[in-house]
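Common to both upcoming complexes is chain A, partnered first by chain B, then by chain C.
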Partner chain A sequence: MRNRGRTAFIISYLAPAVILYGVFVILPVLQAVGFSLFKWSGLSSKKTYVGFDNFKQLFHDNVFWEALLHNAWIFVFGGTAILVIAIAVAHGMQGESKLTKTLRGVYLFPNIMSLVVVAILWEFVYDPHIGLVTSLVKLFGGSAKPNPLAPIQDTSILGNPTKALPAVIITFVWFAVGFYIMLFSAGIRQIPQEVAEASKLDGAEGIFRFRKITLPLLWSVGRISVIYIVINTLNVFALVYLMTQGGPDRKTEVMLTYLYEQAFVNSDYGAATALAIANFVIVMAVSGIVMGLTRKDPSGAHH
Partner chain B sequence: MKTHVSAIYAAIGALGLLLAGCSGGSGEPTAANAGNGKDLEVVSFQGGFGIEFFQKAAKEYEAKHAGVHITVTGGPRVWEQLRPRFANGTPPSLTWPGWGMDYWALIYDKQVFPLDDALKTPAADGKTVWKDTFDASLLKLGEYQGKQYELPYHYNIMGWWYNPDTFAKHGWKVPKTFKELVDLCPKIKAAGMAPITYQGMYPDYTIKGFLFPWAISVGGIKAADDAQSLVPGAWKSDAFLQAAKMVKQLRDSGFFEDGASGLSHTQSQTDFLAGKAAFIPCGTWLESEMRKTMPPGAKMAFMLPPVVDGGKGDPSAIMIGIEPWIIPTGGSNHDLAIDFYKYMTSLDKAKQFITECGTLTAIKGSDQVTLPPLLVEPARLFRESKTVYSIQFDTWYSTLGTESKNAMAALLNGSNTPEQFVDRLEAAAEKVRQDKSKPVHKMTH
Partner chain C sequence: MNQAISLTKRVFAAIGLTIFTLAVVVPLLWMVLTSLKSGPEIFASPWGMPGRIHWENFTHAWETAGIAHFFLNSLIVTIATLAILLPTGAMAAYVFARYPFPGSKLLFGTFLGGMMFPQFLTIVPLFFLMNTLKIGAFSLYDTKLGLTIVYVAYSLPFTVFVLTGFFQTLPKDLDEAAMIDGAGHSKVFWRVMLPLAKPGLIVVGIFNGIGLWNEYSLALVLIPSEQNRTLPLGIANLVMVEHYQSDWGALFAGLVIVMVPVLVVYWIFRDKIHETMLAGALKG
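Let's look at the complex of A and B:
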């Protein structure tokens, strides 16, 4: 009797959250799975069941693989840059002086800006005529000796097939890195003073102390960061859409810009939801792999 | 025409995918939007021309028809709000959903009300048959399988722009032919200007401003009609190959503004207005789009793209584009919607639209007003042209449209040769031909 009352009590408290989660998270996901089995314009109630055709087409769609590859480049290069910069800056910004507090705010600043503002700002940075990059190149004599191989000196960055993706990655890193600096700064502050002092007494200094003490103790923060980076790089959309729309000639196409094209340009919601599900599975899988690979904590601490 | 900043709505639109998923719904009109026969909801794209004109027209119409109540709303990316409404079967009564709407998908899904019967009834003046009040070459762009689904209101003319003061100052002659252009370009460069700039981030401008005019000039209008009708081999015909080679020639000669491939429409248009480049391809919306950022004293004038020397095509050929209005099948009060649109397309309202919004309309005789100065020349060229055409393949076959833009970007930045360029287009056209689910469109002149 008492047990049943307790169960009812628990259920009554859990129910609102479970129902909300079910209706607003689980149900739409299941519905999306359902849509992916249909040919549907998203403009009427007319749906035709096509089984797994949307997935088969996706699998044979070169654009999808090219987009996925670009997501992978953003993850590998952008992610590495973010981790290296974030850890280095966080390490160099220890202590609670006024300067470090100010700097932390400065580094976080891009992160609190709207992505629209970030994209427009960087369009100016990359502007072929008045942009910062062009100006710097000119300043350091880049235009002094015209390349005899190129009939025209192309200062275009976002319109250049080899420069556009690196340019987008740099913007992505600039935008995202402040958040990870925060994370690692907090992680470093969590390292017990005793450990730091004991290692100093034992003669661990500089890069050696950083490698043997600080880095291993930041493991769990690093792990979370990598998962975040996986999610944010595989789901990147607004920045790319605003800066290049996936161009030139798909050289910056990513999964979600292609999803947008399938849904809103090609009116193929079935294909778009199939892509959304593939994206979901890929994010889950990569996150799972990262979790598995980083399970073993080198500091020996068990969480 | 692209309101770039408001592209944040794109992100919201992607979320809409999920929202549309939540509300699946049926396509049948519901009691809620059946209305009482006197209510009308009009939703309009809100771009450079605003929606005030339509709101004012609604007030006038209400004053003339007791009991009628019309609401006019709009937005710069209004098609994203309209998509789920169409999916739910609750669209507005009358709408101009804007350039981002997939009109043809709506038509295939029978979401657009055919207007053939309505067009046979008298126009707002009570005398003329409504159909006869429209310019026939513009009206036919809204046809599909012999039925009229889209109605034009205003239209744009696509061409090139130059600064007449600059040309007068240097004693340059506006080039009529490609050879004259190529001869002039070095002189322009010598004067410290780039000969031509373009909207590199949006290659549809160069498809409409370079590729099609030159393909038509080389091979005649049939070359373009065949390509748009997906006739096998048409996209890699000599006409398109020659046109692509002309683009490459300008590129390799260094006649395009440095870095233009990375310029947005506003950046390149700003460069043009600032006198950094002598020519730019753009439609007649250029002035209304740039009005806010135009440097004082900036001058411009319209011209047809230079034609190919000795080409088969009609040198008076002119490219136009309509901005269509539709009456959704699932909307309420079709008769009232038709009657209100008749009012909007009356000669008086159409003339007013030209003077207030600064763009030409599809209503015959509406250009018999004092036109905004920049429209005089395009309107004359349109009137006198023997070959009026429009680019429709990109909206009929969106995958081919996207591939054409991608290939154009590759041609312009030198990563595709003209041969690769036409092969890519033909391959994309072949893919559409193979896709039996795609309705076939034919274009003739």
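Let's look at the complex of A and C:
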């Protein structure tokens, strides 16, 4: 193998990617750490070094904790719903017939669409005048006819402080679940046929077979799913920003909508960057905890 | 007895799957149906059929609401991004796959790390960077060129990851034989390896293309002006800022216009897309 020009080739072929990635991804990541240590507002170049003050402020900021709590609710309720539905559908729809393959493809539609379309579509689904939900409630005997005299939070779902977050969570599940159905279906396909056959011969049936054979074999897929759910629920932005802007009265505020507000509405860039780093650290920490807690497979099988 | 249980269970499973399928599909069908109804029909009942098909909703969305312009912007940015991303990513991936050098593993790892950074970690510094970087007298902020460059940079980690894996599967004898024939490193790449990598490039291109067409958060921060708005940004602005709700039919038509190209591409290439998603998810 000739080595003439090898080094020059390597450098020139890596250069475009390395420069673009270095300037627009790595550099801003490093800058983010620096920015978080300065008090810095507006487009002026006036920056004051304040050490960890932005983080201290964040720690005492009630809005941040409220936002984090909402992220946690989305993770707990949305995540549980996603896992239950995904495992149930993947388990109930085994086999590679044309119908099951088509349906699995259809379940991924919401995931392929722009979050902007998903958010606006569901804003309309929840709309008290034209939406599907109001008419469904009526169908089942509820009186959901908007009373023109009632205050707005009684008639609209997304304007109601107690209904808005559950409504956003339902939308999130609708958007995300197809991806996890695909993951679990792939996991079930990997279960060796002999294992499934042997369990049948032993008389292991139904629920028993599901718990003893299917579930442990799905453990690794489950772990990956939970990690993805952690990342996606703690980083939710477009859905909330477009459906409720964090409202009403911050009842759906999440970390990243608050970050956006701090940076691009309040021009408090130091605080926004501190929040960005806190968000990243929280995602990493929770992912790490989940990895640690789920290392051991309850059935004792090794993967 | 056993059979009775399994029959009941089958019925329950079938009912459950039907309800779930309806929950996924009905909002989508409702969106398409509503995009074909008149204003009064939309208010009368969400389930009612249109008296006639109101195609004018689509002309209103396309012309009056300015969707055509946003559509064009999205098309330009998506195609330009892919045109820069695919060769850039393929060149780097080929080096990572075939030309190990001291530190190449570390550099590759740094690229993959990019898949873990949430976009919002860099959003504030990126906003200032785009304002600072200038081409002539103009900053990259609020330009289609600037958005394109940022899209390339943020799509590189996944692209390099997938294409490196692809180049590694190609047999080594091919490039070695070409080298013995006297072709230089560059010639081997462009004439032999890149054509062989075409299936990988198509998958990565489609996958990135869908994501770029749909992208919202980066565009929201980097594109303030109406003139440069991409499609997701444009339709979001119609609903949130301009309160275009006086013309519901046109709004629903707008949503359909954003969604349809993506779903058509997805449906044609769905097997490949599923494969890539699974490979990315389970190995990454």
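One rule holds in what follows: the second predicted complex is superposed on the first by the 261 of 303 C-alpha atoms of A that agree within 3 Å, B and C clash if a C-alpha of one lies under 4 Å from a C-alpha of the other, contacts with A are read in each partner's own complex, and residues count from 1 in each chain.
In the analysis below, a contact is a pair of C-beta atoms (placed from the backbone, for glycine too) under 8 Å apart; a residue touches a chain by one contact, two chains touch by 3 or more.
Computed from a predicted structure; not experimentally measured.
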| item | value |
| --- | --- |
| Partner chain in contact with A:Val236 - chain B first, chain C second, else both or neither | neither |
| If touched residues of chain A are counted for chain B and for chain C, the larger one | C |
| Touching partner for A:Phe9 - first (chain B), second (chain C), both, neither | second |
| Which of chain B and chain C A:Val116 touches, first, second, both or neither | both |
| Contacts of A:Gln31 with chain B and chain C, given as first, second, both or neither | both |
| Touched partner set for A:Ile169, first chain B, second chain C, both or neither | neither |
| Chain B versus chain C as contact partner of A:Leu256, first or second or both or neither | both |
| Which superposed partner A:Phe264 touches (first chain B, second chain C, both, neither) | both |
| Partner chain(s) touched by A:Ala186 [first = chain B, second = chain C, both, neither] | second |
| Which of chain B and chain C A:Ala276 touches, first, second, both or neither | both |
| Interface residues of chain A shared between complexes with chain B and chain C | 27-28, 31-32, 35, 43, 114-116, 120, 123, 129, 237-238, 242, 245, 256, 259-260, 263-264, 269, 272-273, 276 |
| Contact set on chain C toward chain A in their complex | 2, 5-6, 9, 13, 16-17, 20-21, 23-28, 30-31, 34, 42-43, 45-47, 88-89, 91-92, 94-95, 99, 101, 107, 110-111, 114, 117-118, 120-129, 131, 149-150, 152-154, 156-157, 160, 176, 179, 184-186, 189, 210, 213-217, 221, 231-233, 235-236, 239-240, 248, 251-252, 255, 258-259, 262-263, 266-267, 270, 273-274, 277-278, 281-282 |
| Chain A partner contacts - residues on chain B that touch it in the complex | 5, 7-8, 10-11, 13-14, 17-18, 20-22, 24-28, 80, 83, 86-87, 89, 100, 102, 105-106, 108-111, 200-201, 203, 251-254, 256, 258-264, 267, 271, 276, 398-399, 401-402, 405-407, 409-410, 413, 415-416, 437 |
| Touching residues (chain side chain A, partner chain B) in the complex | 27-28, 31-32, 35, 39, 41-46, 114-116, 120, 123, 126-129, 134, 151-161, 237-238, 241-242, 244-245, 247-250, 256, 259-261, 263-267, 269, 272-273, 276 |
| Footprint of chain C on chain A - complex, ascending | 1-2, 4-7, 9-10, 13-14, 16-18, 20-21, 23-29, 31-32, 35, 43, 85, 88-89, 92-93, 103, 105-110, 112-117, 119-125, 129-132, 135, 174, 178-179, 182-183, 186, 205-206, 221, 224, 228, 231, 235, 237-238, 242, 245, 256, 259-260, 263-264, 269, 272-273, 276-277, 279-280, 283 |
